[in-house]
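All chains are identified by letter, namely A, B, C and D, in their written order; residue positions are counted from 1 within each chain.
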C-alpha cells in the first residue's frame, strides 16, 4: 500500500503550506489557545495496515466526534426506541440552533446536532451517575481503539461547563418538552465530559475500524447498525455543511470543533484527520481539504 | 445473476400484497386518477444485464426525477458557476417550501427542491424558447436510455400549469431576488413540461446507467460530476425524507410525486422503481420499501 | 386654533432643515424619481378647521394607505366574515414577507401587510371586474374627502405590475392555500391600481375624517367599526415598525411606501403627512418625526 | 358615577353565569389548583372613586403583570439605555418562544415577552442580591397602591423555579448572546419571585393609577414615560393576542397567567380584572370579556 502512504505525505506537505487555515474555535476558552499550525492524519486500511503523516501522535479534543461513540452505545442500549426521542434528518441549521427544537416540539432533528446528542447521552445515562456513563463510554472507545491510554481532559470539560450557555438552553428546552430524563445539570455534566475525550489521529482511526467493517476487523456492532451510523454521518455529520462534505469528499464523516474528523471508507479504510482551524460551518478547514484529496486520489468515494 | 432476479420477484410479490400503499398525489389533477395498485421495478446491472418485475413496462410521470437530468445538463452548460445560484445542502423543509427562500435571500438550498430545480431549468433555458430546452432535455434522456420512445405528456404539463400556484409563487419570489433570468411564465412552462416526461421503469433504469459508471457503460459525464450528482441525490434526493432514505436504503436516489424513484448503486446497478402511492414526505411508499429490501438483500448499501 | 397652526409651521421648518431624509423607495421605478426634499402636512380638526404646511397640495402615491379604505369597504361588504380569511395580529415581519404565510397555512396575519391587503381586495373584488372595484373604491375615497379630483396614476400601477414579483408570489401562494377567490392576475390588477391612487395631504386628511368621528363629522361607518380600524392601524399600521410608531407617536396611523402617513387622533384630528424618504421599516422618515412632534406638542397621544 | 358601578355589577353577573371559563394554567403546579369559578373587577376613576364587583378582595398571583412595574423601575434606572438590550415591537410569537431570540441575536422583541422581561429584571438587578431587587420592587408597588399589605408567595416562586425549564432556556440563551449581566440562576431567582407577587383586584387597580395620569393623581414617573409604557402595553401586552385585545377592548393592558389583567383608560380609569381561566393565548378568558364589555359600555376605548 505504498500508494496511500505517498498520498498522505503529499497531503501533509500541502497542508503544511496552506495559508488559509480557518479559525480556531474560541467559545471554549480552554481550546482557544491551540496552535493552528498543526495537522495530522492517520489511516487504517482494511488489511490492518496503519499509515500516518503529520502530527498524528498529538492528542486533541475529539468534541462532537464523541457523538458517534455515544450513539453506538445508545443504539446498543435502546435499539430503535431511541428514534422516538430524536430524528434522522439533516437539520439545515447550525449545530447549536434551538429554533428547530421549538418548531418540532422538542424532538431534535438528528443525533449529531447538539440537542440530539444531549438526548442520546441522556438516554444512555438513564438513572446512572455521570461517572458510570463516562466509564462505560471510555471502555468502549478504548476497546474500539485497542488502547487504554485515552482520557478525558477535565479542564476542557470544566471550561465548557462554564461557558456552555447554549447547551444549557438546549437541555432546559428539552426538559420543558419532557425529552430529558435526567436533570439538565447532570445530563450536561456527562455530555461536556464526553466531548472532552482526547485522542490522537492514530487512536481515532483505530477506534473507527468497527465502522469500516473490513474482513477480520472488529465486530462491535451488527452490519445493519454500522450501515445506519454511517448513513447518519453522511447526511448529518457536518451540521449545515453536511451536503458540502458529501459533495466534496463522498464519504461518511463526523467532525468536532476541536478540529478533528473521523471519516469512514466502508470496507476500505478508517481515517482520522486533525487540524484546529475551522471553516464557517465549524468543521476543520484543512481536515476537510485533506480528506477530499485523499478520497479523490485513492478513489474511495462511495458515489462511484 | 439469478439471485437479483429472484429478489425482484419476491419484492414484486410482497408489494402486490401490501395493504398500506400510501396516497396518490392529488394536487396535480391529471395524476390523481392513477391506479395505486401498480408496482414496477427494473434493474440494470454493471454487466448490462436487465431485470424487471411487476409493471416495469408501464409509463409513468417522472416528475421530480427529471431534476437529475436537468441538473446534469446545467452542470454541462455552466459548470461550477451554477453553484452561485443554488446551494448544495439538504433543506430540512418540504419540497415546495418558500420560507427558506426568504430567509436565505432567494438562493435555494439545493437543486432538488422545487425552487432549486426551477433555477436549474432557468439556467439551462437561458434565452432560448422552452421548446428548444425541452428538445435538448429529451435528446439527453433518450440518448441515456438508448430509446427514442420517451415523450412529454402535455395534458399533465397543462394540469400542473393550471394548479401550480406554489411553483408560480416560488418563481416570482426567485425573480424578486434577481435569481431568475427568464420571465416566471417561461421558466415554469419549461419546468412543468420537464416534469411531465413519461418513462417506464426499464427506460428510467437504463437512463440512469451513466450515474452507475460501470466498466464499459455509457460515459456521458465525467467521473467527478457523476460522484457529485450522486452525492446530491444522497443528501437531498428525497426532500425532508432524505435522511430517512439514506438510513433505510443507503443508496443515492431521486423520487418524484408520480411515484417513481431512480436509485443508483455506484458501480453495481441502476434501479428504477415505481408505485403511485406516496408517504408523508411525498416519496413513493412501496417504492421506498422495495429498494430498501433490494439494497439489503443484494448488499448494495454504500455504507458497508 | 392658532396653536396647531404654529406647531405645523415649526414642524415644516424643522423638516425642511432635516439632513437625514431617509431613502426614496426604489423598487417601484415610477416612484424612484420623486424629489426627497418635499414635505407636506395637513390637519383637519374636530371642528372642521383645516390647517396645512409645506407641500400639502402636492399629490403623491398613497400606496399602502389605500389599504385602510379597502378594509373599510371589505368590512362593509363582508362584516366579520372577513376575519375568517385574515388575522388581526401584528406580524413581526416585513410588509412583504411570505414566510409567515407558509407557517400559518395561507392566512395572513393582518389586513395591512401585503398578503392581507391582497386578500381584502380580493374579497371586495369578488367576481367583479377590477374596473368596477376601482370605481367603487374611488367613489368611497372621493366621498370621504368630499373631493372629486382624486385619481389613479396608471403609470405607477403599470410600473408596479412589472416589478411586483413579491406580490405575485404572495398572490399565488394565497391561491395555493385556497385563500384567493379571483385569479392572481386579476386580484393583483385591482391591488396595484388601488395602491396607485394619488392624493394631496389635504385630500388625505379630509378622507380620514370619518375615522376621527368628531361631533357633526361624516359618519360613513359605525362607531364600533371605526374603533376597530383604528385599533388595527395602531397595532399593525407600520409593519414591523408598528410598536415603534405607537411608542413614539401614540396614535393610530397607516403608512405607504410613497412616503405618506394617515394618522388619526380620535375625536380630535385627522392628520396627513408626506415626505418621500423612508426609514428602514419602509415608513416615511420625516413624516414619522413630524407626527411625533405634533402629537407631543398638541398633547394628542391616546396614551395619556 | 353610579353608571360605572351598575356596569360592573352587570359584568360580574354575566361572568358568574359564563360557561366557557377558559383553562387554568397548569404548568405552574402551585397555580393549577386555583378555583376557576372566581371573578373580580376593580376600577379606580380619575376622581379617585373606587368601584369593585365580584371577588375583588381575593389575592391572586399577578405573574406577568409584574413586568409593568419592573419595566417602570428599569426605565427609571437606565432610561433609554434599556432599549439597547430589548426591542419595542410586538413579537408575533408565544410569550415563551425562544425562536425569535435566535433569529435576532439575543435581543428580545419587547419587555413583555418572557425573554424581554428577564432582561429587564436583570438590568435592574445589576450586581445586587435578588433580595434587594425584590425589596425595591415591593416598595414601588406598595407605594403605587398605597398599601403595605402586598407580598410575594414563596411557594409559587419555588414551584415556578422547579418547573421553569423554558425560562431557564431563555436565560441561558440570553447569556450565550451576552445579554444577561447576572448568572441565569440569580436573574431567574429574582424573576420568579417578582412574578409571585400577590395582589387583589383593588390593590392592582390602585397600583395602576400612575399610568392613568388623572389630575391630582400620583406622579411616580413622567408623562412621557407613562405614554410609552401604555403604548407598549397596547402593542405587546397580550403576547400574540395583543392585536386581538386592542381590537376588542381598545385600551392598553397587561395580562398574567394567574388570570389577572391590568388595563388603563388614560385620564379616566385604572382597571384590574381577574379570573383564573385562560384563553389559547394565555390571557384571562373572562377577564378579557369583562374589560371588553366595560370599555364599550363606558365608552373608554382610546380609538374613538
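Of note:
The criterion applied here is as follows: a residue touches a chain if its C-beta (ideal position, glycine included) is under 8 Å from a C-beta of that chain, and two chains touch if they have at least 3 such contacts.
Note that the structure is predicted; figures quoted are calculated from it, not measured.
Chains that touch both chain A and chain B: there are none. Counting steps between touching chains, the shortest path from chain A to chain C takes 2.
Chain centres here are means of the Cα atoms, and by that rule the chain farthest away from chain A is C. Distance from the chain B centre to the chain C centre is 47 Å, each centre being the mean of its Cα atoms. For this pair, chain B with chain D, the centres built from the Cα atoms lie 55 Å apart. Rounded to a whole number, the gap between the C-alpha centres of chain C and chain D is 32 angstrom. With touch defined as above, chain C holds no residue shared between interfaces to two or more other chains.
If you draw each protein chain as a dot and join the dots that touch, you get one closed loop, with every dot joined to exactly two others. Touching chain pairs in this entry, ordered by label, are A-B, A-D, B-C, C-D. Interface residues of chain A, counted against chain B in their complex, comprise 87-93, 100, 109-110, 211-213, 223, 226-228, 230-232, 234-236, 240-244, 246-247, 250, 252, 264, 266-267, 301-304. Listing the residues of chain B that touch chain C in their complex gives 97-99, 102-103, 165-166, 168-170, 172-173, 175-176, 184.
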